[in-house]
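Sharing a structure with you now.
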Amino acid sequence: MDFDDSPDDKAFRREVGAWLDTALADVPDQEELAHSEREHWSRVWQERLCEGSWAGLSWPVEHGGRGMDALAQAIFNEEAAVRGAPYPLNGVGMMLAGPTIIAHGDDAQKARYLPGILQGSTYWCQGFSEPGSGSDLASLRTAAVKVDGGWVINGSKIWTSNAHNASMCLLLARTDATADKHAGISYFLAPMDRFTVRPLVMINGDTEFNEMFLDDVFVPDEDVLGGVGNGWKVALTTLAFERGSMALNLWVWARQAVDRLIDIAVERGMADDEAFLDAVGALDCDAEAVRIGSMRMVAESRSGGVPGPETSALKSLWAGVVQNANRLAVQIDDGGGVLLDGDGAGPRMRRYLRARAHTIEGGSEEVQKSILAERVLGLPRSR
Amino acid sequence: MHATFTEEQREVEQAVRDIAGGENGAARAALDAPWSPPAMDAELFGGFGVLGVPESIGGVGSDLVDLLVAVEVLGETLAPSRFPWHAAAVQLLSGGPVVDDAILGGEVVLAPAVDARPGWTGTGIARSLVPYAAHADAFAVVDGDRVWSASAVAVRERESFDPSVPLADVEFAEAGADPRPLARGLERATLVVAAQLCGVAQGAIDLAAGQARTRQQFGKAIGSFQGVAFQLAEAVTARKAAWDLTIYAAWAVENDRDDATSHVHAAKAAAGKAAVFAAERCIQVHGGMGITMAADPHLYLRRAFVLDAMLGRGSVHRREVGRLRVAARA
Amino acid sequence: MDFDDSPDDKAFRREVGAWLDTALADVPDQEELAHSEREHWSRVWQERLCEGSWAGLSWPVEHGGRGMDALAQAIFNEEAAVRGAPYPLNGVGMMLAGPTIIAHGDDAQKARYLPGILQGSTYWCQGFSEPGSGSDLASLRTAAVKVDGGWVINGSKIWTSNAHNASMCLLLARTDATADKHAGISYFLAPMDRFTVRPLVMINGDTEFNEMFLDDVFVPDEDVLGGVGNGWKVALTTLAFERGSMALNLWVWARQAVDRLIDIAVERGMADDEAFLDAVGALDCDAEAVRIGSMRMVAESRSGGVPGPETSALKSLWAGVVQNANRLAVQIDDGGGVLLDGDGAGPRMRRYLRARAHTIEGGSEEVQKSILAERVLGLPRSR
Amino acid sequence: MHATFTEEQREVEQAVRDIAGGENGAARAALDAPWSPPAMDAELFGGFGVLGVPESIGGVGSDLVDLLVAVEVLGETLAPSRFPWHAAAVQLLSGGPVVDDAILGGEVVLAPAVDARPGWTGTGIARSLVPYAAHADAFAVVDGDRVWSASAVAVRERESFDPSVPLADVEFAEAGADPRPLARGLERATLVVAAQLCGVAQGAIDLAAGQARTRQQFGKAIGSFQGVAFQLAEAVTARKAAWDLTIYAAWAVENDRDDATSHVHAAKAAAGKAAVFAAERCIQVHGGMGITMAADPHLYLRRAFVLDAMLGRGSVHRREVGRLRVAARA
């Protein structure tokens, strides 16, 4: 059991750190910025990643990547997160679209789409969720109708990050209404020229997510990924990459949430309070457990294992510690944190509000618990 | 023992509901445009100004529970009204002597100025978390065991997490004109806030239950999953505890019982906890839509946080309960 | 809204208190006694209640009771609980059997059984639960077969308090295996001469509950209560009385649990700790909420209302505060409370262990939450 | 980074499971008759005595995680064995110098004497919560930053909540013979307790899951109700957190990392919480049977409480985590 970097990893971490320090030198603290400014820096950051050849860090060399492993990617993401780097604007392209196309695409699809991601010329978004589907993803209704040479698709999608910046969409649609709900789904690489994108304003004021309305979107046959009717299987691959990439640096946010809580308590002179120490002790245990669990997950993947359903425990733990730390940070603030023009109070409240989504997005808390019950404990399905 | 609501109290509840119901949109309106007095204010001041006002300051024999029944509904409907704050301010003055008819009739609108402004080093007295200050004619200013009504020397509007309850820092001259004893005024005003919180909890629970009854997933209404249903059952339990504590505390204060102070703390602590919990569960049960401005759950969350912060944070009240109980047995 | 006694109630409370002070003068603190000694005092206490004509306090005068109302019973139970009175050994007779027979029995049944309860000559127990049924009470399998003049019953029952002292049983059995699961049940007033009783040892060492095995128990037709096939309806009456009688003094146990927690903290010099004050503040809020909620429930019944499903909130709150207060009292004890021969440590641990049953007995925590969800919030059935 | 268990560790786990599995009944046996050494003790002392023993005191290069993997299984199976306590005592002595072969070989059985005896006013040193004292040949006595092995001056057997882990108060002469520096010995021993707690949590979860899969109510296995299933999912999460913290802390201690102390506290706190929580959920999921002596859940509860109390209460460790983290940022 070794939680330390190997000498090679250490060297790589130093290399990454040095590059990041330089590349981030002119990037302001994202926490203090308005949403539109954060988006600007996300774009700049994506461009710098592409220029620095970091975009395909863990992609195979034959597809233009550096061919490094999950740990290398974890090291990069961790060092970036610790430094408060912006979220790269084409995260979906680098982390989901690329790896899924590499896993399921044919040579033509790889040639057509992978270079654009590495060069930063094509931005992607993910069109899976629908207003009616929620946790029951496979009940999606967006419908693809067969026409000569391809498919015409109509319907709507929701919770799409970054839709207004993307030109391509990883799109799930129903190609066979008569088939079983999973078998009737296909996976399209869809151009977004006939998508209408409408931003959703979140309760913290951000417009991180969008609704998308598809009006006779045409996708040629050659842009069905993994074969007609195989969409669910391909989607599971994407979802696995999504879980994997999230888990790489989720822990940094938990760590930062607890640290910021302590900072505000120290600032307000409340850090000596025994009830506070008790609460922060419990939060710190959980935050560290998320960090360690993430390391173990990366180590499992690296040694050939597949991260199991226990990752749902990490997700659940992570959501809880971030929510609870952020709530407490608001409540111990001057004026109970409700005077948003107070020193740092606005960002604190924004973080608390953003965290409410953590038990909903990326598989709700209820879904995580169901996974643990069914797949770790072997209990019967409860849905 | 007649620990049941009277027919008159049920009528008050219905009357307030008739006035405030449907005004829910007004809490949302304040997200986009500055708050302005809603139509209901005149009706509430006109019809309910004497609720809970002791006879010793000019009331007509209505007791505090009557007032709490009314303001609970205002919490439930998220009414963006000055009425509960004016009423809380009148309660602050309840230690006597008689209060002007213009105040009791709502022609002079008061706001309570209770919470200290942290870091204040100026002359005079500064209070924070003062609601609707720019639309108040005067303030009930609490300092130690005294309270008086006064005009502001300066009002600094703050950015309220709930824009339908605008908040301000307000400064007052050092010595108030005509100070009166606080007596149980602060406790009575605190219960006005607790009752609103109980209402907010109830409103959030009702909204969430509606969603749980209708939203379908996996071929069923989501409320048929215990994972969803039990969260709301817990919210019901917390809200009932808070409301029972609040009306008991009001009775205890009215009757000058030994345990009244501890029960006021308990009511404020429990009501704040119930409201924040219910609002968070309401968001969760709404799933993705729950974290959007377009849906209503966040309106309850905003009101819950603001009320929990006012007239003493819930967590401070909770610890005070522990302190008093330990002191009583040590 | 008035939480105070009326002058009449005050006078009655004084009368009760005076009688209790005398009647309890020679009764030792039950908390310190072994189970067999507690049982002895339960019997003595039952006899004193009968002698003092308190047994039928809220029964109608025509049936030998005092004809007083639920509040009078509440006052009596409360004053007794506050003084730590023993649990009367025929509680089932006084609180469940009597009222149920009064509600559903014919004149002959009333004449046959009510006097024995008031005189203290017949002790009753409740034979509802079965090993296989648990929360799903109506799935019971104990079977009654029609014979000439009556029924012959075989099967087994569980969680029967006081079975080894009782001679009569409120017995549910299935009289029609082909009917709907509720319609096939009848309610018997069964003699216990052919019951085998086996005590269940609880995790705190007490033998409060029993298993009962019925071997060709004969019950004559005239001892079917409420008519053949109406057993479920009659059982619901008994369960309502059970909830009502429990609620009358449950709050005293919650109050005592919190007070004892404070006492141990004071004794150990930990009562000034801010984290303790925070925890005990939360517990005290809940304990007081149970007390006030119980008063409101009694007031509702008194003014003609029927206690609604909100009583499930009281039960849930009560179980939680007693469990949490008792756990904390153990954990802050010297040696973490695990040295049972320490000063007061044994009874503290016994109380903690006994409290684990509070989320199981009298309708489990899961059942209470289901009731709240279905009957307060109108959510669809989740079972 | 190779944060995975080695093949050897998996073999240790399996070997210990083969020895201790099925001995679950032995924990129950101690409820009726005084504890006596189980057959497994000899096998464990013989085969695993050098697990986790640093080379500096006579070990052969096995690291602390190896030992924790073994004692986790002993917790899971509720083995009523002296082995983990002897091993913990050896860890207390790990600050050097070399420990007798007879101790490492288990011919001389040690018990750890760490927790202070409250209210002790005699001469010498008194320790409480000493496990298996009457069957120990000697004790590793901790006092401040020193530790030594010694015989007892007096042993007073106490009534243990878990009779399969007998506990005693033990008195020692004031000055120990041959004191050695404690160094990280106490931290290492604390992790031996934490690992057992993780095992207890796992055992309770497994027992509860079996019940949830098989017990039928309302025509379905009760595990298909989220109200039941989600309790156990929470227990899984808490247990995973505790185990991850425990093995990380062991690595941090072995590698003398700056954050090792904080992680030892975190591991003990989290493991105690996970074990008590899992045992309580195990009782709940068993319904009425869960509160009887006849069923097994209470055996896990007993072990969980006793281990949580030993080598510093979980709640004290938790607060220490908070204190260290605040100190690091203040």
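Order of writing sets the labels: A, B, C and D. Residues in every chain begin at 1.
Operating definition for what follows: contacts are C-beta pairs under 8 Å (C-beta built on N, C-alpha and C of every residue); 3 or more make two chains touch, one makes a residue touch a chain.
On a predicted model such as this, the values are computed, not experimentally measured, just so you know.
Farthest chain from subunit A (centres taken as the mean of C-alpha atoms): C.
Should one ask which of A-B and A-D has more C-beta pairs in contact, the pair is A-D.
For this pair, subunit C with subunit D, the centres built from the Cα atoms lie 40 Å apart. Inter-chain spacing, taken between the CA centroids of subunit A and subunit C, is 53 Å.
Within subunit C, the positions touching two or more other chains are listed as 274-275, 277-278, 366, 369-370, 382. The set of subunit D residues touching two or more other chains comprises 225-227, 230, 315, 319.
By the touch criterion given at the top, residues 1-6, 9, 71, 258-259, 262-263, 265-266, 271-272, 274, 276-282, 284-286, 288-289, 292-293, 295-296, 298-300, 302-303, 305, 310, 313-314, 316-317, 366, 368-370, 372-374, 376-382 of subunit C touch subunit B in their complex.
Subunit A makes touch with subunit B in their complex at residues 129, 132, 134-136, 139, 158-159, 200-203, 205, 209, 275, 330-332, 334-342, 346, 349, 353, 356-357, 359-361, 364-366, 369-370, 382-383. Of all residues in subunit B, only 115, 118-119, 128-129, 158-162, 167, 215-218, 225-228, 280, 283-284, 287-288, 290-294, 298, 301, 305-306, 308-310, 313, 315, 319 touch subunit A in the complex they form. The residues of subunit B lying in touch with subunit D in their complex are 225-227, 230. Residues 273-275, 277-278 of subunit A are the ones touching subunit C in the complex.
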